[in-house]
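First chain written, first letter: the chains are A, B, C and D, and each begins at residue 1.
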Amino acid sequence: MTMTPPPAPIRNLEELRDRLRTFAAARDWDQFHSPKNLAMALIVEAAELVEHFQWLTEAQSAALPPEKTAAVADELADVLIYVVRLADRLDVDLFAAVSSKLARNEAKYPADRVKGSARKYTEY
Amino acid sequence: MTMTPPPAPIRNLEELRDRLRTFAAARDWDQFHSPKNLAMALIVEAAELVEHFQWLTEAQSAALPPEKTAAVADELADVLIYVVRLADRLDVDLFAAVSSKLARNEAKYPADRVKGSARKYTEY
Amino acid sequence: MTMTPPPAPIRNLEELRDRLRTFAAARDWDQFHSPKNLAMALIVEAAELVEHFQWLTEAQSAALPPEKTAAVADELADVLIYVVRLADRLDVDLFAAVSSKLARNEAKYPADRVKGSARKYTEY
Amino acid sequence: MTMTPPPAPIRNLEELRDRLRTFAAARDWDQFHSPKNLAMALIVEAAELVEHFQWLTEAQSAALPPEKTAAVADELADVLIYVVRLADRLDVDLFAAVSSKLARNEAKYPADRVKGSARKYTEY
């Protein structure tokens, strides 16, 4: 039995990216991690997330019991892992991408015009 | 015409979470953001990502022209936005979740046993 | 200007399968229709379906205005097209597959034991 | 032990629709089958299909071993079940929808102009 220290907690996306690089390299799995395949893996994990909510009402989905929240957290982790891995393989700067996206969304949906409106909201 | 300073760049997931809170609150959109609905929105964005790759070979997906990479980055941003928003609504600590997940994956797929094996890889 | 008769209406899955074969062959698109790619295309269409419902309440989703129902019908058609095309490429008999599946579901969820129970329903 | 005859094989979409109606009614599950929920269930099944292909090459996906084809057939059946169930709940005529869709696709992609062209194909 080998004594290995427990892995360090991950504190930010850069550390996550690096851990995923090491993980894939140690297993020689980069060959499977084409962007095409990673996009497929990402949506499969997204669907495992959706599966938790498919028969719940919206109200039930907002009041999950703790063990269900833990299961959902696990799926969110899987999605995040593939987002970070795919961004890394494509040399995409995720924070630049979300900054740009949010700035455009803020301009596209001016708060004073779309406030509380489901109609506006659903029509973009 | 109003002069508003450009929005600040987002540097980490906590800043992204806070910007998304402000964005939704200013538009009174929390009412639409049940976990059930956010999970649906997340998978829709994941599919827009998949769409970019569906007719490409794996090799083509790893050598995208710059404008295509930019479009993919945009979709990755959308997925990340919904991951962070959904985690926030469920009080999920994303870094705790990925730390736990990766530790389990590292134990489940010992590098020396699964190295380079597509068979092992595809059978989990 | 050529005068072509309007295409015949499709009346069953066999006719749909044959029209899709002709369509792909005439365009030399079989080369893009690997099962992997068709599965991706299928889920992208499924997501376009989901997109129509993501911000609606369940009640709203059951009372769509006619033009929205037409748009949803269009997406259902796209999903069905890829189901039939993928089954054809894999030599899968769809009616044998659904017959077998339904027989198993009927045995797995005995009506007298699961009747009206969301709990049972959500736990499979 | 009750002796029930084996369920009849399903031969067309109308029979499938009717079997699904009976199945849901007997279990009092119509209450869970809002179009919103059915769309979620459909994409979850689509993802189970995608999962079979995510780490395969396109060539491997076109040469599945028999037991894998059977598993994929099972997922195709699940997707088809939700397509038919959702169409039924929305009073959508699936064959009218696919006839209309195919007629438009045939006009949109003239065989003589798009033949064998990945570029054209990927740009719609």
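Just so it is clear, a residue touches a chain if its C-beta (ideal position, glycine included) is under 8 Å from a C-beta of that chain, and two chains touch if they have at least 3 such contacts.
Keep in mind it's a predicted model, so treat the numbers as computed, not measured.
For chain pairs A-C and C-D, the one joined by more C-beta pairs in contact is C-D. Remark: rotation between chain A and chain B after Cα superposition is 180° (nearest 5). Work out the mean CA point of chain C and of chain D, and you get 3 Å between them. Mean C-alpha positions place chain A and chain C at a centre distance of 27 Å. Those residues of chain C in touch with two or more other chains are numbered 32, 37, 40, 43, 46-47, 50, 53, 55-58, 118, 121.
Looking at the complex, you find that chain D touches chain C at residues 6-7, 9-13, 16, 19-20, 23, 26-29, 31-32, 34-37, 39-40, 42-43, 46-47, 49-50, 52-53, 56-59, 61-62, 64, 69, 72-74, 76-81, 83, 86-87, 89-103, 105-106, 109, 111, 114-116, 118, 121.
Here chain D touches chain B in the complex through residues 40, 43, 55-58, 118, 121-122, going by the rule given at the top. Contact residues of chain D toward chain A in the complex are 32, 37, 40-41, 43-44, 46-48, 50-51, 53-55.
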